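Next up: some structures, all given as structure tokens.
One chain, subunit A, links the two complexes that follow: it is found with subunit B in the first and with subunit C in the second.
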Partner chain A sequence: MTAIAQTRPTVPRGTAGRRLARRSARYLFVAPALFYLLLLMFYPLAYTFNLSVFDVNAGNFLRGGAAFVGLQNYLDFISSPDFLSSLAITLIFTVGSLVFQHVIGFCFALFFNTGFPLSGLLRAIMMVVWVLPAVVSASLWRWMYAGSYGVINAFLGLFGIHTTQAWLTDPSTALPAVIISNIWIGIPFHMMLVFAGLQTIPTTLYEAAAIDGASAWRRFWSITAPLMRPVILTALLLGFVHTFKVFDIIYVMTSGGPANATNVLSIAVYKLSFEYFRLGDGAAAANVLLVIPLLLSIVYLFFRRREETSL
Partner chain B sequence: MMLHRRRWVLTIIGVVLVAIYIFPLYWMVTTSIKPQSQLFTSPPTWFPTSFDFGNYVTAVFGNAQMLRALSNSFIVSIGTTLVTLVIAAPAAYGFARLKLRWTSLLLLPFLLAQLLPTINLALPMFALFAQAGLTNSPWGLILGDTVIALPFAVIVLRPFYLGIPRELEEAAEVDGCNRWQAFWRIVLPVVRPGLVTVMAFTFVMTWGEFTLGITLNPRQEAQPVTVALNSFIGQYGTQWGPLMAASTVVAIPIVVLFIVFQRFITAGLAAGSVKD
Partner chain C sequence: MSASRHGRMRSRLAALAVAAVAVTGLAACAPGGGGAAKPSHSDGPVKLTWWDYYQPGTTASDGLDTMIKKYEKSHPNVTVDRQYVAYDQLKQTLLQSAGAASVPDIVIINSPDHQQFAETGIAADLTKQLKDWGQLSKYPKGLIASATYKGKVYGLPITANCLALFYDKKALADAGLKPPTTWDELKEDALKLKSGSRYGLSFSAINNQQAVFQWLPTLWQAGGDLNKLTSPDSVRALDFWAGLVKDGSVSKEALNWDQTAAEVEFAQGRAAMMINGPWQIPTLAKDAPNLDYGVALLPKDKESASALGGENYLITDGPNEQASWDLVKWLQQPANLEYLAKQNGSLPTRSDTQPFSDSDAIKTFTKQLQVARPRAYGSNYAEIADAVVIAIQSTISGSATAKDALDKAAATVKPLLP
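== the complex of A and B ==
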């Protein structure tokens, strides 16, 4: 490959006309993808704004003639008693999942990074959980959380805790139970990101530190932690946005219940739009749901750019 | 020698930890093949002593809805994979060769798309597709799933192209290839590992997609397999044997694909999310 590159003369830069043709060709490569997103992502998103300022419901959706209501749908959603609790549940779900996913994933990555025999195989086996369809994981955890004969209660029984607690149908345990399932699902993602980051740290740094008499603890805080900072930030930001928008796992496990205990914002949007068929209200709620990921993506992009220029 | 033994001790610890971690998968598969008599015992039957594949007949092979859903999912996943690949392969190449100022601006939609909650896409898409007669159709779902897969594909593929020296195409152009031919004949074969990553991952993503499935294709004959599995939960409630059999069948294509393309998938993902 490089041999070819070295033996060929470089292309003469040519006339202005040829340069323009070359440059526009590059845009032709990206045009279909941009057009696709414009038509099937940006147009629908703009259409959501349109829906959100009309009183669109089952009666007038296909017939047309929904009344213009301005920002009323937004006000209705934000001032509804369920909004603040949904926001709180979403944040608890997101932060609760993320902290444990990342810490446990980090520990696994450090462990695998020692490079013991078969570590690659074991790492690959863990990744299977991450590619599993969310609906499969969710139905599997429903069975494990079952009150009678559920394996989690049986497991607790091994330690002398005998209970027939139905974890997912009790409002006080449903949210922690869903969070635990989601932690299980997310561990490999964080493990993979952190592991890839750890691999880029030259081992000579650790060897030098070890010669200087630095303890393993000291080596972690003085070498690993600072060098891994960009990876940790990326994992946490991406993880936050991905967890904030989770719909499928919770919907299949609890549908937002019992008694709204797991009613995250994405499920609230779904219920408004597809169960009550109040599309106008649903659209307003969807746009509210978008605010936090949007703010975080700005942070993320800023962070990315800074990383790019510092490279 | 001491060091050698210590490394194998780590392996043993690793096996135990990973076994605990993937225990839920073991439980899913064993539940699906246990005879009813071993399903509801206290303490539970940790190691089944006899096997019964009847659950698979009940849940999948004798269940027309599930068979239909499986074929729907194959059609939609393969369709989405092809459409994504055809659009993403040239796009990622273009982004690898654009001037940097424009790259970051034009890449922005692709980065933002990855952060978009699927329900935000599902709602307006349902409204638009319902008016266009595209709901409950494999085509509509392919169009929708591609919106999710495409940005990811472009972001993951771009670094593969960045690794190719520009001189390679310039040499091809000296030899009389136009830009398109240079891309098709010279560049594309070099990024084959990237294309495999994108193919495998798009299939995995689309096969497991649920939110667009339940909103755009809710009708029984058009449901993808994830939506069928969810309605199965409603129908069969606590008949855990058949439910775990159905879950296992939904998981199998993904697990097989993952085993075959494991190296491509993890390497590509790491490249896409960290380095780029």
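== the complex of A and C ==
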């Protein structure tokens, strides 16, 4: 920026027309990005917000004439009896998934980082889980959790635990069951991010520490952990945002049931908009769903900035 | 940074703000209102778009293809573009395409959704055409009621069905039983029929509208209804259903079974009886050709009742309304209707048609149909049904008593009823 400002006086001054052309050229360069942002990011957001302050429903979505209700839709959603339970379920689902995904993913990354033979191939195979369409994985898990013919109960039977527990249809086990499936799906993502981060740590650091007599435990806490902090934070943030709005896995496995036991916010939003056609309420609910990851992203950016300036 | 630079920055920010306001300006008006154009009839070539959720490869889907081809042959100016849309995406896709003003001309929809779509204004009001046609009296009232919204008729039925009790003849004979006719008999028999890995009964209590469809007969038999969920009769109806699961007569997995899954249990011999509809008859013939089964009327309590189901044609309000109506009218001709009913496993939708007249199962279903009631609970039915499903599921799974669950559901349902 400063460089441009310094060179500016040396640019020969032309006629007014040329100046205009030069000035508009500047805007032309920004135009594609601006256009993209406005059309694909800003417009949907603005549209959703606009929708959320009107009482839009099946009767007036096409005909028009929805009444302006201000923030009433938001108040209705937040004060509805199911909101707090849905929020709690979403948070349990997100945090429960994230902690295990990350810890297990981290362990796998450390393991693969030792570079044993065929580790590259095995790593690639692990990625298959992440690449599989969510609908496929979820259907698979749904089948595995079945009570009378599910492979999980058959496996438990090998250890003498004979049960016909239908994991997904019991309100007390449905949420843990869905979380476990989601952990399985998310491990490769965390593994890859952490693995990439581990690769950037110079081996000389470990060599020096080893010469100084640091144990493996000590090397992990004094070298790996602090140097991996930005990667860990990024992975957790991305994971949080992604998990907080997970829809497909739960929709396929339980559709929010049994008896609302897995009714995360995204399912509630979907039902409001596309099953009940209460589009105004649905848009308000979608914005509420957006706010929490957004706040977290702001906190993250704030910490990143502070960290960068302190460097 | 120089002062002039500051100025430029400001002007740039201003430009951005102007652009932003322009975009919001576009949206800052009451949403919606982009309805379809009014009908303008022409005799030139017409291309009709048709949506349904009959899975390709099924007899129902093949039947439609055959009829459409036949129609195209006799009406060379009409071509029909038939598209498959999965059932659980149909409502959403239809609404979204309506928002983009590109709806199909004819849609087959599940009858309880019809009023909701009539409310959106997508559906063409056919009251006048039906009057000119003069054949409405040949249709059972309940079927037409499902396509009626605020006194106007928005479609015609393509299929009709209701629920009855399927039973495995051999299993019942082995246990020395006859098909149950009362709740008490059903309860006892279902328990007696349970042996080994076989349950006494299967039904669907899944987390969607199908569970409500399956439970409604029991609710009505007890003398309850969705508009009096807190009444002792309604509570008794839910207790009875949940009791069947608690006894072990019905598998707990019923909470995850749709009606197709309930049929699979019966077809595979994992349930001796099932509550299901006539559309399973062609499926059973395919899944379990050697199964010797019978169909009995649903056991009764205070009264006998069944739930009326079916699908309707919905014609959208648009330029092809007349051409679409001509096609639907043609499909309603008794011979064409009978053919489709056979392909669909549907009960007769018109008094002058008699598909499957030779089958005992269909005879029982046709008798059951006389006490079948429509789910005419207005345009909020989807949301009402969801609240009821939660009550059903929490009672069956034991996380709430029938009374508490229904009290909670009633609070949600009450303001949604018409």
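In this text, the second predicted complex is superposed on the first by the 267 of 311 C-alpha atoms of A that agree within 3 Å, B and C clash if a C-alpha of one lies under 4 Å from a C-alpha of the other, contacts with A are read in each partner's own complex, and residues count from 1 in each chain.
Simple rule for what comes next: contacts are C-beta pairs under 8 Å (C-beta built on N, C-alpha and C of every residue); 3 or more make two chains touch, one makes a residue touch a chain.
On a predicted model such as this, the values are computed, not experimentally measured, just so you know.
Peer 1: Given the touch rule stated above, what does A:L289 touch, subunit B (first), subunit C (second), both, or neither?
Peer 2: So A:L289 only meets subunit B here.
Peer 1: Which of the two partners, first being subunit B and second being subunit C, lies in contact with A:E275: first, second, both, or neither?
Peer 2: So A:E275 only meets subunit C here.
Peer 1: Quick check for you: in the superposed arrangement, does A:F61 touch first (subunit B), second (subunit C), both or neither?
Peer 2: Once the two structures are laid over each other on A, A:F61 reaches both partners.
Peer 1: Using the superposition on chain A described above, determine whether A:D170 touches subunit B (first), subunit C (second), both, or neither.
Peer 2: In the superposed model, A:D170 contacts subunit C only, not subunit B.
Peer 1: Tell me the contact category for A:T254 with respect to subunit B and subunit C: first, second, both or neither.
Peer 2: Second partner only.
Peer 1: Give one of first, second, both or neither to describe whether A:W221 is in contact with subunit B, with subunit C, with both, or with none.
Peer 2: Neither partner.
Peer 1: If you tally the residues of subunit A touched by each partner, is the higher count for subunit B or for subunit C?
Peer 2: The partner with more contacted residues on subunit A is B.
Peer 1: Just to be sure I read the superposition right, which of the two partners does A:A146 touch: subunit B = first, subunit C = second, or both, or neither?
Peer 2: So A:A146 meets both subunit B and subunit C here.
Peer 1: Touch test for A:R305: subunit B only (first), subunit C only (second), both, or neither?
Peer 2: first
Peer 1: Shared contact residues on subunit A, subunit B side and subunit C side combined as an intersection?
Peer 2: 1-2, 5, 27, 34, 42-43, 47, 51, 56, 61-62, 142, 146, 148, 274, 279.
Peer 1: In the complex formed with subunit A, which residues of subunit B make contact?
Peer 2: 7-8, 10-11, 13-15, 17-18, 21-22, 24-25, 27-28, 31, 39-44, 87-88, 90-91, 93-95, 97-98, 104, 106, 108-113, 115-121, 123-128, 130-131, 143-144, 146-147, 150-151, 154, 165, 167-168, 170-171, 173-174, 179-180, 183, 190, 204, 207-208, 210-211, 214-215, 226, 229-230, 233, 238, 240, 243-244, 246-247, 250-251, 254-255, 258, 262, 265-266, 269-270, 273-274
Peer 1: Could you pull out which subunit A residues touch subunit B in their complex?
Peer 2: Residues of subunit A touching subunit B: 1-2, 4-6, 8-11, 22, 25-30, 32-34, 36-37, 40-45, 47-48, 51, 56, 61-62, 108, 111-112, 114, 116-119, 122, 124-129, 131-137, 139-144, 146, 148-149, 151, 154, 157-158, 184, 187, 192-193, 195-197, 231, 234, 238, 241, 244-245, 247-248, 251-252, 266, 269-270, 273-274, 279, 282-283, 286-287, 289-290, 293-294, 296-297, 300-301, 304-305, 308.
Peer 1: Where on subunit C is subunit A touching in the complex?
Peer 2: Residues of subunit C touching subunit A: 1-2, 5, 15-16, 19-20, 23-24, 26-36, 91-92, 95, 98-99, 116-117, 119-122, 197, 206-208, 251-256, 270, 379-380, 382-383, 386, 389-390, 393-394, 397, 399-400.
Peer 1: Applying the document's contact rule, which stretches of subunit A touch subunit C when the two form their complex?
Peer 2: Those residues of subunit A that touch subunit C are 1-2, 5, 27, 34, 38, 42-43, 46-47, 50-51, 54, 56, 58-66, 68, 142, 146-148, 164, 166, 168-172, 254-261, 271, 274-279.
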